[in-house]
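Each of the two complexes below includes chain A, the first together with chain B, the second together with chain C.
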Partner chain A sequence: MISEFANRTFKHWSLWPCLGFLLALSVYPVLQLIPMALSTIEFADGRSVWSFTPRRNLDLLLGDEVLRDAVVNTLFFVGLSVAIEMVLGFFAALFVACMPRGRTIACTVLILPILLPGVAIGSMWKLMYNYNFGLFNQVAGVLGIEPINWLGDTQWALLSVVIVDVWHWTPFVFLILYAAIESLPQEVLEAARIDGASAWQTIRLIILPLLGPALAVAAVFRAITAFKAFDQVYLLTSGGPGTSTELLSLHLNRVFFEQNQIGYGSMLSLAIIAVISASILVARWTSAHLERGDRAGAGR
Partner chain B sequence: MIPLYGRTAWIGYGVVALAILFIVGPMVWIFVNSIKFQIAIFTGAWVFEPTLANYKEVLFSRRSDLVGNLLNSFVAAFASTAAVLVVGSLGAYGIHRWHRRRLFARLLLGWVLVFQMIPVITLVGPWYLLFHSLGLYNTLLALVLTHITINLPMTMWIMLTYFNEVPVELHEAATIDGCGDFTMFWRIVLPLVVPGLISAGILSFVFSWNDFAIALNLTARDTATVPVAIARFAQQFEIQHAQMAASSMIAIVPALLLIAFGQRYIVRGLTTGAVK
Partner chain C sequence: MQFQNMAALAAAGALALAATGPAAAQAPFANVGKQVDISILINSSPWFGGFEKIVDLYEKQTGNKVKLDVTPYGGMLEKGRNAVRAGTSPYDILNLDALWTIEFYEGGFLKPLAEIDPTFALPAEVLTFEDSNYWNAQQRWRTRDGGQLMGYSPNGNIHVLYYRDDLLKAAGLEPPKTWDDVAAICQKLHRPPGMYGFITRGEKGNPIRYDWTPFMQGAGASIVRAPKDGDYTVTINSPQALQALDRYISLQKSCAPPNVGVLGQGDVIQLLATGTAAQGLAVIAAWPTFDDRQRSAVVGKINTVVVPAFPGRNPGVAIGNWVFAVPKNIPAERQRAAIAFSNWFLTAPAQRAYAEGGGIPVRSDTFASDLASRPEFRWMKAYIDSQPFARQELGYAEGAQVEAVLGLRLNQALVGEMSPARALNTAAREIEAIFQRGGRRTGQLTPLPE
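Then we have the complex of A and B:
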């Protein structure tokens, strides 16, 4: 019987399919990056031709001036957008949780952007930011303000891209914090109210400390996804004007697929993966260290 | 949470209304632009004659292949979602039942963590070479395989939390009654975690539908998905605003439908996926 056979062997093969995918399409490609990073790869007659040129790729990496801009832009982009999203998301969650009625519908609308295609979001904001007929410059015109070249001015472009990211991902912060606020112990809040704590005191001294873990999760998760941002920025500015919105993933895409420097692109990918792995290790070590410190403190 | 009353309630409603306006504004703006003639878009007219011309243009004209793109997107999203649910729930169940403490389960989950953090473009390069050498470049199969790979970690994460909620007593009772391993999974555990399958399924579908970075580089004209087509409208020498708006409106329909009917599952999936 097939079912008997399946029953007897299920234990052994249930992990195979997912191991297969992880090995073939994520571990293998990352390992493959190593020989790729040491070579120059060109296409001739539809076949790839490899030549061993480790020095050349390293020189390209060290001499890449756009890369420096991309790193600075990415850090600025991640820092600013995550900071704004945390603040806005927290207050949105707080106010929605306090509404006597209409929470479900508010929630549905407020989390919508998470699910939309990044490219469609880029289109929306491209129309909002348009110099001649976008909503912002039309409003500015009514108010008598000089129109701003949101996406074409090096001063504004990165900020405009940050605003789009805020629109896209504040909903995610909102969702995580809203779920956390909903599950706060009611008695504590009740007690604070009876003791005559003001709203601000309740938020600062009770809600924020209790939300600590949720805040950390939301911030870390957002920092990771902001670091990977690609779709909207590709559509909005493609990194321009100049290099003012060139983020790391855009630069990587350009090196790989526009300049066709597969070898150097792999070197850059490996560098990014190395930095990320190192930061994961540091983060784990720090949090383990802090936990141990906490426990020691509690023991005393 | 302590509900606000009186004047403070109105302030609260006001803030939430502002937030909703901020979210809905851009969507209304693109919708309004999608039903304007190109000339009305360029003049920024507030009063205009609504038209479906842009939708007809992107769907039925020779210069656009959006119907084909939609078909590609649907095939890729459905196939990768179905496959990721099978592969992901089998894998998560295997880890949950037999390998929870084993080193390699830990390595697997650690790898999943790293994999979630690296920009997907770092892998698209090797994928490109791999699929070229296998003759799979510019096929929907390649797209489906990569979408399974990127959605697998999230699916396993969600399914693991659901499997952990199934009471151990059920396993014990079924084992005593002589239930085999596969029958247990198929007849007893799986029906209990259907909400988890729905959550993971909706999110996998949406993420596959939305994917741009992979589809941009692994597809060519006849296998392009909807996001790639939209980007083409936006990236041409002269940006085709009307077509870009109409095709974007079409592209967000699945998300709107899914959130209207499956909001509960989406919220649950996103919060377990992130928090656990």
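Then we have the complex of A and C:
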């Protein structure tokens, strides 16, 4: 009797350790942020002293002028870098998939950037961007082009950071899409060829729709990691000049650690988590809505 | 300048007059006996090489062991915070940027040195950089008046003006005494991109705030009216501050590389060391690089003078020293071992060895010794001549937040995102809000016309 009950419920209780682990590592820290976000935390006699000041932290959040720039920059950075990475990653995957030979070597070379730590990438690109000694301006000089102030000009700085991010993360998109392209049903592609579809028609009408789920996964993953970008940008520009490359992650670091505003930093973190969660929910709802629409269309 | 620094310099002068340079060199190192191993959190700044050598010497002389956790500047504060907030600190001596010390003093994380060893006292010759190593908890101010000795400086960074001695001599120019001189020299020698007339940091945050401070102080401006007396009226949007910012920006725009808005300490040192800059405002700790054949193309060609002044005014010299302090949360024997190292490190011969190894000593008698006349120590005159003008800024609990405001708004003015007047008005408004939240008596000047 007991054995039968255990067998029947095993699938439920066997998950509890994992669930506990998940709660301890991800939910508990977020819950811990709540009391911190409602307080001002200072230190005296080697101990933390908490005072309940939710209004103060909220006022700081609403009146934070740099935060507004950071939000705009982050949206621009995420939007532009992910869009370029998706396009480049897709065409790179398509190109490598069509190569008659040398795919292994191509894949190895293409994924090298994601194997490098962000700190190494930031340092390397900072040297290449250097106005006086950098590779790019040396090449520009040879070509008779005026040197570009890659990181020191507010017009160029964010674009320069996007370029580094694209270089770093396009291979990630490539990997996901390459695997997806390799697993596409060959008979569908064969049928398109027999029906006389051009290469562009095959890509647009066959490959892209079939890659939909993989594209969505790559875009969501990249958007999440781009949203959290920190190390490269910190090394390249530290958010400057001015606020031109100030991202949310950098601003949060500044508030939390440089200025030691633990309460306001927690409030800011909660606000960011809330906005991201809301965005994910909206994205899921939109996706589900579109899928229902597709199914309804197919049914008719 | 604080009394102790004046006294330290006077003591050094007396020693020099008595021709006791060699005698000082013969003075004994402290005998500290056998101590437990200690660990020091130390930054990988340009002066680290000198400190590493002196630690080696300590280990050889005493047989005691010192472990160094060498950390980039950017990671020092968090390592220090984590150490003192933990059950037991992994470090026995923390090296703290003087700007951070308030947080650690107010938080009660550090052990006053006299509580570890009631006989411990700083030698009279040790420079204290406006008492940044004392804390008066009641007054919430760093002062020896009613304050406790919390640490001492292993490095007394201040600004000096570096210049290319060979180029100035070849052009028949004198080393600059005023910012107008700097501009005139720049005009003669500025040949970008091979030679920039003048450089200093413009990077957002601490770099621009700190490197603009000599301009601000030299113009007679201040951030706050009289914080020591509790008057936190914000004065950063004064006409003098605007003059200082205009001068700083005009020099940077006409003499520095176009990427000045992101120019950091590494860049400034690199430009000077590669012979690409004729003049540069930088901390004294940068010096060891310039005479190092492995890292410099201008060995023997760079010299230093006191930071230039505005006409008719004293120069502004910003202190950016470090403070060695002992955490409260370590066992007593480790605290005693930290004091033992400190006793040894602050002796005259140890400081001399420190200077010879490439460090910046903190005893005034080291500067008054025969070392100062040796060519490789030609920086010492400018350093010691600067001391009477050296001043601390941001010596209050809100210092880090104020620095964040200034570090951003000054940088925005430099890169053209805001006019200088608007940047200073914005900074004044934001700094006043910070002090209001901290419950200080504050206010601000009438905004500058934008």
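The definition used in the following text is that the second predicted complex is superposed on the first by the 271 of 300 C-alpha atoms of A that agree within 3 Å, B and C clash if a C-alpha of one lies under 4 Å from a C-alpha of the other, contacts with A are read in each partner's own complex, and residues count from 1 in each chain.
What we mean here is this: a contact is a pair of C-beta atoms (placed from the backbone, for glycine too) under 8 Å apart; a residue touches a chain by one contact, two chains touch by 3 or more.
Quick caveat: nothing in here was measured; it's all calculated off a predicted structure.
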### Task
Identify the partner contact of A:273: answer first if only chain B is touched, second if only chain C is, both if each is, neither if none is.
first
### Query
Touching A:132 in the superposition: chain B (first), chain C (second), both, neither?
both
### Query
A:33 contacts which: chain B (first), chain C (second), both, neither?
first
### Query
Of the partners chain B and chain C, which touch A:187 in the superposed model: first, second, both, neither?
neither
### Task
Check the residue A:195 against both partner chains and state whether it touches chain B (first), chain C (second), both, or neither.
neither
### Query
Between chain B (first) and chain C (second), which does A:243 come into contact with in this model arrangement: first, second, both, or neither?
second
### Query
If you stack the two complexes on chain A, which partner ends up touching A:257: first (chain B), second (chain C), both, or neither?
both
## Note on the structure
Winner on chain A touched-residue count between chain B and chain C: chain B
### Task
Considering only touches as defined above, state whether A:146 meets chain B (first), chain C (second), both or neither.
neither
### Query
Can you list the residues of chain A that touch chain B in one structure and chain C in the other?
46, 132-133, 238, 257
### Query
What does chain C use to touch chain A in their complex?
77-78, 84-85, 103, 106-109, 193, 202-205, 257-263, 270-271, 274, 276, 328-329, 400-401, 404, 408, 411-412, 414-417, 433, 437
#### Entry: In the complex, chain A residues that touch chain B
3-4, 6-8, 10-11, 14-15, 17-19, 21-22, 25-30, 32-33, 36, 41, 46, 48, 88, 91-92, 95-100, 104, 106-128, 130, 132-133, 135, 138, 167, 171-172, 175-176, 179, 181-182, 184, 186, 189-190, 193, 199, 214, 217-218, 221, 224, 227-228, 230-231, 234-235, 238, 248-249, 252-253, 256-257, 262, 265-266, 269, 272-273, 276-277, 280
### Query
Across the complex, what residues on chain B touch chain A?
1-5, 8-9, 12-13, 15-16, 19-20, 22-27, 29-30, 33, 41-44, 86-88, 90-91, 93-95, 97-99, 108, 111-130, 132-133, 145-146, 148-149, 152, 156, 180-183, 185, 206, 209-210, 212-213, 216-217, 226-227, 230-231, 234-235, 239, 241, 244-245, 248-249, 251-252, 255-256, 258-260, 263, 266-267, 270-271, 274-275
### Query
Which residues, counting only chain A, touch chain C once they are in their complex?
42-47, 56, 63, 66, 131-133, 147, 149-154, 157, 237-244, 254, 257-261
